[in-house]
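Presented below are the structures under discussion, each in the form of structure tokens.
Consider the two complexes below, in which subunit A is the common component and subunit B and subunit C are the respective partners.
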Partner chain A sequence: MSLLEVEDLTISYKTTKGKFLAVKHLSFDIKKGEIISVIGESGSGKTTMAKALVRAIKPPANIDSGKVLLNGNNLLEISQNKFVHDFLWVKVSYVPQSSQNSLNPTQKIIEHFIDTGTSHGLRDKKEIEDRAVKLLQLVRLPKSILQSYPHQLSGGMKQRVLIALSLLFEPELIIMDEPVTALDIATQRHILNIIKELNEKNRTSIIFITHEINLAIYLATKLLVMYGGELMEFGDREKIEKNPLHPYTISLLSSVPKLFGDLSKIKPVTEGKINSKGCPFFYRCPNAMSICENNEPETYTIEGDKVRCFLYGANKA
Partner chain B sequence: MELIRLEKSTVVFENEGRKVYGLKDVNLRINEGESILVLGESGAGKTTFGRVIVGLQKLTKGKYFYRGKDYRKNMKLLRKEVQYVYQDPISALNQSKTIRDSILPSIKKWRKVRGEKLEEELDNLLKSVEIEPELKNRYPYQLSGGQAQRINIARALSTNPRVLVADEPVTMLDASIRVGIVDLLTSLKNDRGLNLIMITHDLALARYVNYRLGGMRSIVIYGGRIVEEGNFSEILSDPLHPYTKFLVESSEDLEGVGSQEILKKMVYQETNDLPLKGCPFAPRCPFVRDACLNSFPEVAENPHRVFCYIYS
Partner chain C sequence: MLIKLKPFLLYMLKWLAKRVGFSIITIIITIMISWALIEYSPESPANFINSVLPPNSIAGKPTLRLELEQYLMTLKPHGNPLIDSLQYLWQVLHGNLGIDIISQVPVTTIIAQALPWTVFIVTTSILISYFLGIRLGMKIGYKRGTKVDSSLMSLFTVTRSIPVYISGALLLFFLGFELGWFPTGGAFSINVTPGFNIPFILSVIKHAFLPILTLTLANLAGWVLHMRANTIYTLGEDYVSFAEIRGINSNNIETKYVGRNAILPLYTSLIYTIGFSFGGSIFVEEIFSYPGVGHLLYNAIQYNDYPLEMGIFIILIASVVVGILLADLTYSLLDPRVKVGE
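Let's look at the complex of A and B:
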């Protein structure tokens, strides 16, 4: 049974040039204890998708259709009050991109914990503080920083405060948007280890959004590869790493140099724009066929993995 | 022929009353046609290093000679011959100008081209970075990151430079197109005999640059200091300085291999306060000894150059 199921999610933006679809007919699920790395370039819709999971979509963006089912409850249908009170932080937490700026500069760190705690039914400030101290220990920060203001902390420390804060109610699912981007390698490693530990100890499910392929692979049990707002491929990390199916995944994996392996096989993916009519990858795809230009492929299931490409359709050559 | 020589080059920044070394006692010689890799992380001093080379950053102490002449008396030549490619390709361009208007003045000034030839020169320059000349009428916000970085490279080339300092030129680009930009930079180096100074934190990417250009000399920077120097493949296969070991092991571990000799021992510490005395890596180093806290070690050759008391 899935913890979270996203069904046919479509999100649009109103722009001066008309409606633009940021996420198109996206479906995937995450089970307890899984870590899904969402890989995508800028404009792939990964951040918009993440925001939709915690109802953070605001105009000019709009959720046109779809369901987000957490333990069977459609998060998009329940009242805002119920969502904020019973779900956000409690069942699902969100660590936004550039979250280092999302702490309130006029509040000490302890006040962030107290605000979040009291607004979700914890009355005893002492209890909140006790929890905060334990959580800071988990992310290896001294409890003295509870009395600090955000500007007194480094970027990596702020990031870890936010991860600690997101754990206040031990949610079953945490969504992290680029949590280690722009941090130095020691801090990056440190935070990745914390995420792994969390996942192993508490079986917390994690949606980890990144544009760094190596990091995505390092952490994930499953990969969700997005392009132009659509799912390109979704499945077991090891399997995709060894045997990617979608031409985008194949090109992407062979465009990233590694510390080991044959460099002569590394080649960039052709640059190009997103196709808004058929398959979004059409203009850059080495296997593009005429059908791909104006027709949207279905999602095909190949050995348990999902892939959205005509190469795998019934009418494949 | 020597092109660039740094002698005890030092840059000191003041941050809230605290002194920070952007660069400290850096000695380095780069010969004409030679390309190097500068490895290090944000805050290590690599950008300060790059800015010193192009003459954008004054030295607090020490010397910088370009073609044997003190940089301060050589600014005109530096402006022409040493060009910078920035990390953020969009914000590096003038937002209120079309690509054409951004690059033409520089072609006019440095290439001494006039009249009808000017447009032709611009078109050829854009073609050389694989950009269709029609894009010249666009504004920066109308470009993809990859296109913008190619245009930055074209702008840098417009002065007919000898040296390109590329400071994390692909870090902000989508992963799928990064090696395309590296391919462009390395072919430009080969075709024009440029000195490419490639600054990066990404060892896997550095490995690819080294593969394209072959046998590159590399320096590893930490806390404004050069801590290790040698052939890139030697540094990768046999890192000597504990910091370099840490860098290599971190990248290895991402790929699920490696010994983790240092990774297991290294205590995680915030890097906000680097010591002004001694080795900047001392507070995080698992092999720290008293000497490290007091003075920076002399160079040892073992077999390549390293600055660490373990070897001296």
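Let's look at the complex of A and C:
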């Protein structure tokens, strides 16, 4: 059974020009112990989708339809109180995108743990501190930094503090929104290994959002490829890596140079705008057909791999 | 620990000595420049005295003006601004601010009588408007973009633009003269004996009420608008939205995340403003005939009363410089990113 199921999630932003759909009819699921890498370029709806999972969607954004089922409970329907008390941080937690500015500059690190703990029913400050020390150990930080202020830490340290903070209640699912984006490669690898270790030790499920295909592949058991707010391809990482189906996934994978091999096969991803009527990838797709322009492709299942492309449909033109 | 603490303490002391030293030098130089500028200006109190005395008294004592001018020359015996101002400074360091030309009373005595009244009304009104303004500004900031926000914003923008001599005169006219709720001048009633007794304290509060109200209204809008802007800015910070995502309760977010960070720039302004308050508020004290430093300064300037003017300037200069020093020293207690000595 799946730990989290997202069904037909649609999120829109109100703009002066009208409604803008940031996430369109997105469905996927994650099982216990899985790491899903959500990959897509800027504006593909990754962060909006992630925020919906922790009910952080605020106006002008709005969830138009869809369900987010965690162990069968629809997170979007239960009361705010119940959500904060029973689910948020206890079952599902979040690591924010802008790690460098996500900690309160006038609070010590320990106070961030205490605030978070007490907000979800953990009253004992000693207990919170004990947990914090253990979690810092897990992300390889000395416990002395509990008494530091955020500005005294480096970027990588702050990021690891945020990961430790997300683990305070040992949640079953952690959503990480580009947790390593602003860091150098060595620190990136260090943090990715911590995340992997976490996943292996506690069987914590992780939704890892990134725009770097390398990171996505390094970490994931499954890949979710998004474009223009829509799911393009979703399936096993190994399978997709070997045999990508969707033209967008193919072009993403072939844009990365390998240490060995033929450089002439490396192609940059073609640029172009998003098609709002039919398949969003239409303008950039090397395999575009006439049907793609005005018709939305359905989700086709090919050997357990979900793909939204007319190339794999029965009614392909 | 001790070994680690010692160099740190030494470093702190060194930094403190440097800052205090700079402050003292600032005060000295400012006093010398102000003194020389006033003393060597072409205006003379002799002109004023001549113009107000009845002609027959001048006729009866033809040497009066000459005597006055000779006395004034004793204030600048060397004819050299630098040397004379140094001499003045030397006198100041001995607590001697000279004799008031008009009333022939030592300047220190006059100022000592006026200063407590000024400090009382001005600091009270600053503190009231500050704390009120911060609370209100934050509430309005939270309601950004709503009708409440825009209407209160327009209201405060208008009240901020009304000068104290207009709002003060209106309050005096309606609440003082028309309704007779409050006295129209002085610091306390002549029927009470000054001292620590209830009738005196009540009388003081009654007399100070309108001046404090006028100053509070004048300052309030500034604090509100400033705090509103800071609150809105802070509400957009990532650490506030991350606190919301974490499910931290909203009271906590309001005080520890938004308030604590939004207030930082206003703290420095508060200390400066209190420093400037020692110069009194000329308009308010004149309108309500309140016997404070502002009232003194107004008269001193009218009569070209150099020693008194200088005396008030010294108080003002010293309190502003000390205020800035205090703000610097204490800011690090509020903002951990700023450490004393950096």
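We adopt the following convention: the second predicted complex is superposed on the first by the 316 of 317 C-alpha atoms of A that agree within 3 Å, B and C clash if a C-alpha of one lies under 4 Å from a C-alpha of the other, contacts with A are read in each partner's own complex, and residues count from 1 in each chain.
Methods note: contacts are C-beta pairs under 8 Å (C-beta built on N, C-alpha and C of every residue); 3 or more make two chains touch, one makes a residue touch a chain.
This is a predicted model, so every value here is computed, not measured.
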Clash-or-fit label for the pair subunit B, subunit C on subunit A: fit
Three-chain overlay, vertex subunit A: subunit B-subunit C angle, C-alpha, nearest 10 degrees: 70
Which superposed partner A:120 touches (first subunit B, second subunit C, both, neither): second
Touched partner set for A:94, first subunit B, second subunit C, both or neither: second
Which of subunit B and subunit C A:107 touches, first, second, both or neither: second
Which partner, subunit B or subunit C, touches more subunit A residues: B
Partner chain(s) touched by A:154 [first = subunit B, second = subunit C, both, neither]: first
Three-chain overlay, closest Cα atoms of subunit B and subunit C, distance in Å: 7
Residues of subunit A that lie at the interface with subunit B and also at the interface with subunit C: none
Subunit B to subunit A touching residues, read off their complex: 41-43, 144-147, 174-181, 183, 201, 203-205, 207-208, 211, 236, 246-248, 250-257, 263, 266, 268, 270-272, 284
Interfacial residue positions of subunit A with respect to subunit B in the complex: 41-42, 140, 154, 156-157, 182, 184-187, 189-190, 211-215, 218, 251-252, 255-260, 263, 266-269, 271, 273
Residue ranges of subunit C touching subunit A (in the complex, touch as defined): 237-239, 241-249, 252, 256-257, 260-261, 264, 334-337
Residue ranges of subunit A touching subunit C (in the complex, touch as defined): 51, 54, 56, 84, 88-89, 94, 96, 98, 101-108, 111, 115-116, 119-120, 149, 151, 165
